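Quick one: this structure, given as structure tokens, is what I'll be asking you about.
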Amino acid sequence: MTNIAVIGCGYWGPNLIRNFAKLKECQLVAAADQGRDRLDVVKFLCPTMRLTTSAEEILEDKTIEGVAIATPISTHFPIAQKALAKGKHVFIEKPMTATSDEAEELTELAAKNRRVLMVDHTFIYTGAVRKLRSFVESGELGEIYYYDSVRINLGLFQHDANVLWDLAPHDFAIMDYLIPKRAVSVSAVGSSPVRWNGWRRESLAYISVDFEDGTLAHFHVNWLSPVKLRRTLIGGSRKMIIYDHLDPDNQLKIYDKGVEIKEDQERYQALVQYRTGDLLAPKIDQTEALSVACRHFVHCIQNQQRPETDGMAGLRVVRLLEAAQHSMNYGGRRTQLWEGSRRAQVASG
Amino acid sequence: MTNIAVIGCGYWGPNLIRNFAKLKECQLVAAADQGRDRLDVVKFLCPTMRLTTSAEEILEDKTIEGVAIATPISTHFPIAQKALAKGKHVFIEKPMTATSDEAEELTELAAKNRRVLMVDHTFIYTGAVRKLRSFVESGELGEIYYYDSVRINLGLFQHDANVLWDLAPHDFAIMDYLIPKRAVSVSAVGSSPVRWNGWRRESLAYISVDFEDGTLAHFHVNWLSPVKLRRTLIGGSRKMIIYDHLDPDNQLKIYDKGVEIKEDQERYQALVQYRTGDLLAPKIDQTEALSVACRHFVHCIQNQQRPETDGMAGLRVVRLLEAAQHSMNYGGRRTQLWEGSRRAQVASG
Amino acid sequence: MTNIAVIGCGYWGPNLIRNFAKLKECQLVAAADQGRDRLDVVKFLCPTMRLTTSAEEILEDKTIEGVAIATPISTHFPIAQKALAKGKHVFIEKPMTATSDEAEELTELAAKNRRVLMVDHTFIYTGAVRKLRSFVESGELGEIYYYDSVRINLGLFQHDANVLWDLAPHDFAIMDYLIPKRAVSVSAVGSSPVRWNGWRRESLAYISVDFEDGTLAHFHVNWLSPVKLRRTLIGGSRKMIIYDHLDPDNQLKIYDKGVEIKEDQERYQALVQYRTGDLLAPKIDQTEALSVACRHFVHCIQNQQRPETDGMAGLRVVRLLEAAQHSMNYGGRRTQLWEGSRRAQVASG
Amino acid sequence: MTNIAVIGCGYWGPNLIRNFAKLKECQLVAAADQGRDRLDVVKFLCPTMRLTTSAEEILEDKTIEGVAIATPISTHFPIAQKALAKGKHVFIEKPMTATSDEAEELTELAAKNRRVLMVDHTFIYTGAVRKLRSFVESGELGEIYYYDSVRINLGLFQHDANVLWDLAPHDFAIMDYLIPKRAVSVSAVGSSPVRWNGWRRESLAYISVDFEDGTLAHFHVNWLSPVKLRRTLIGGSRKMIIYDHLDPDNQLKIYDKGVEIKEDQERYQALVQYRTGDLLAPKIDQTEALSVACRHFVHCIQNQQRPETDGMAGLRVVRLLEAAQHSMNYGGRRTQLWEGSRRAQVASG
């Protein structure tokens, strides 16, 4: 039986506790939070676990094999670093770290210590995104023409993040999982019409990501929208897909639609023709994604496997965030993603 | 009675003929197109009008006071220039011209000759956009936070334009009409995954427009979408609006939603609070916009008035298009809109 | 070449004229209406046709082989009777006649004179309804469990009909075409909250139709709804279908959903299990239904064929209307549909 | 402090336990269920409460003032009767009882013993239904023209009820609360295409309810629908309302639409005119209805008040169910609701 502990019982921590507590493959033995009130909130979720205000106490406990870290972003690195150094397997909330340097260091440390390092890119474990990937891999979509993502709603303003670092990790992780090509550069513009406490924090942003072959991905994230939308369009040469996370009955709609170029023998020129066929909304497995993710973490520990959302995936997402933030800071300049370097370097193009 | 003629009977020309023919304030006396087959198509729309394959013949006809030009974009300038030189009033399809130099020259010529020069920014004459403007002007929206526009569908690929020049003129014209601030720069990225006849033409594009006070507008235009969307979000400090052209019963939805910053006396910091109230979908006048536009043109001729969508509005839209195209050509570089110069200059920042 | 004439140029007549005029298989030679103003409206739709205020003149014209009757319901019978007596083929608007006796007499007359008698049940010629029938016939739906139809909107109040006779003919015709079983009885309730000119006319009604095997069909027609709905649910043992006429992109949605009864060996009782699979929205042929219907009429004339919506189909629909009206008049009494009699008899059960 | 106990921990019981446990105004002291496994499920919801397999034990406990009964329908009566006889206040699941005789007897017993008898018509405590009632009472709707309710989905087949007794209590309770008129008769048709264990149980039904002034209400309940709908239309002479329980952002849509009858002086006849104005979707209080209901029960106990959904409301709903079932059993016969008798009598008209 694998012993697991959760560090951080704020917004997401209770969900981790609830899911690890349900798993038969592991035992949730402890939870830590600096706030006593947060511990009071979570204690009923798993009456048998130990509660502590000291993360240190958990990191020093040799009977604990895996820790799940759901603390503020800036503390991900020091906690995860210590946990890995102490030989623990680490499950870490998104975004993995506040900088790509930190993400790279954790990845290397996990590799060196042969520990599992998994990032909680929860959407990768949804039935919809997994089905989407099978469509891409099977070739049914054809060549990917574009990727367009909209994730907007009213709030929730975060205390330690802007809209980019709050919402875009989800979409970058999904794109990274779905598109089997290398992203090479990013440009982004943001706006911060609502300011408070003197901090400039973007509450809406538009991000473009270019792939090596010219494919374009685009993201709209927004904390100031009157309606809630979570919708991704993927245009392919054979089919086109709409992924609407909020339409439970039809999360994926696969359109047999497209454009065909035909040679016109008489006029010696090409014609564009439109193709319109059936629409299919496949049945989607509705198992709670976080439950799948937690089980996967435990499975990777027990079988010494590399998780699907490993440190490298976490690092790629942090690099995209970092590059997008850099571009926003410099008025939308195209920013390269150099992945070959010792430390991820971000520079303006 | 004012005599009107239509030059160009292709895609849009028949709509102009149908609408001018219905007006009691004017007489539609002639229509021209180089193609005999096009003249055959339109003749029943107004059996009393003269048909000709020569635009020249119409421009030389001194009994004609106003001409409506619905020819390919590249020919707008020479035809309109000649018409104005001959003392005619000119109604011209969007986009006004292929370059801002041409637009500026027409504007000056019209001013010098005291002729009406009107650009067919049709959406400005819809009930929805006019109601929208009244909301902005009344202060009900509060401060404008952002402007976000999506205009996507499958095709129609144009022979003489890319998706930017085909679809964005509508949205640039609406934004120009609604937002009483000066746009200062543009950045745009596009993609042309479908190529034919050797021509590189963008079939999807994302455009950002910055205003002098930092307000951000963003546009998504796309010829490769499986679904048709025409939706604009406008976020204000007091209210937020969704304008959905395709939802006939609720074209405008006005949300009494927003974010409020409150000083927390105890903690000496500001708190973000959310406000959620009623939703109102006001009744929208459904009069055909083109009919309103045609009547407005005739009214301006007869009363020597400046049209709401005059040459300057047309010029501003062409400058935005030109700057967006320039930005796309140079990998998304922010491009300034210099409006003070003798000739509109576009340069990369 | 078959010569066709249209009698009645009110609401629907112009649509008939426009469609017959386009057909190459026939020649539209004349149109009649008692109102000169109506003739003025339609003359441009087919400049070559003769116009007359006398239906008589058309019925007497021996060069005319087929007439399409789009006059008020109460005049369908005398005009059609005379036309058939004169040896003409007849295309008649829905509902076929004001009584089932009249419908039966026309059917017999057409049979005796070997003329085509076709009722304009337009929906039968839509791509959606034809596709629906192919699903039913192929067995893909399984056993039909129920048929539920909603056709509601604000107005249009008719001068010579209540909501039952105005809207239900569409749905009765579709049901009659789709369900290969014999309807045996009808019950209906209506309400007439808005009265004018002293006439009691139902503006909303609910109608149940029972089939010989116990299958239930139900119809909601309403002139007082704030929203427009045209939606039919068909529940089958294998699949379930939603037919939404107003959703152009997804007129048919075929759900792989259902209920399965499983024997529980241990408990010696049956369990209900739910099955949920993919949703398919097949591509629907969008050819204008009236154009298909008009061509079918001409084809039947030229090939001496029986139309798909022949006099018997029209008679069955009138019998359903008559029985539903009878039931409404008698407080919802179940009313038998006796089809075996010389004249259709309607009696309360 | 008022001591409360819950009897029955099946489908709905846990919701009652969760909500009573949260209330500060009372103490949840015990829960009973014949099944040990059910007690295991609920124990974490309120660790301090006593658990027992004996309802009797709770009814005999003199420290318990109020009991909430969430057992199968057939047992509502004996348990509630005993509880009232023992001087306890009673909160009872819908439908109140299996027969109107039982409901009447409980009502009388509660009155005699001066105990609170409240039926859990949960929807009456939703923000949407309460807002709806304020619209009706304020006269904003005008005269009520019709009431049309649709509550359909796939399953859940009940072991002790058909679709009428399972779903219609919700809608009858809402109608009873909203319409301030006396219902006089009911007619209903049902169908049971899926049979199991030899029991004929309707899985879809259509019910009409007539009011004394001729207003018509209609209900469609269905366990065999591929889509889930909970939608009520209320047509008024001034406004019309759509109440869609499943559209969280716009549960109520109030249409300023209607029909007006105008006298035409010239033609001496009335004309129907349509009025179309704004649409308003008011903000709805989203407090959990069951929480409001539980607090209301405790409040009524402590203040000796009559609950909004008292025994009489429960009785009226059971009478409607009974009459509808009777009508279904007799092929849709109109069935009178005689409310004046000593025992509710149901007879066919």
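Which chain is which? They are A, B, C and D, in the order written, and residues in each are numbered from 1.
Quick note on the criterion: a residue touches a chain if its C-beta (ideal position, glycine included) is under 8 Å from a C-beta of that chain, and two chains touch if they have at least 3 such contacts.
What you see is a predicted model, and the numbers here were worked out from it, not measured in a lab.
Report which interface contains more C-beta contacts, comparing A-D against A-B.
A-B
Based on CA centres, what chain would you say lies at the far end from chain C?
It is A whose centre lies farthest from that of chain C.
Just give me the whole-number Å value for how far the CA centre of chain A lies from that of chain C.
Here chain A and chain C have centroids separated by 54 Å.
Measuring centre to centre with CA averages, how many angstrom lie between chain A and chain D?
44
Using mean CA coordinates as chain centres, what's the chain A-chain B distance in Å?
39
What are the residue numbers in chain D that touch two or more other chains?
If we look for residues of chain D contacting two or more partner chains, we find 227, 249, 276.
Give every residue of chain D touching chain C within the complex, in rising order.
Result: residues 143, 145-146, 148, 152, 154-155, 157, 187, 189-191, 193-194, 196-197, 204, 206, 208, 210, 214-216, 218, 220, 222, 224-227, 233, 235, 237, 240-242, 253, 255, 257, 259, 261, 269-272, 274, 276, 331-332, 334, 349 of chain D touch chain C.
Can you tell me which positions in chain B touch chain D when the two form their complex?
Touch residues, chain B against chain D: 249-250, 256, 276-283.
In their complex, what parts of chain A are in touch with chain D?
Within the complex, chain A contacts chain D at residues 44, 47, 227, 249.
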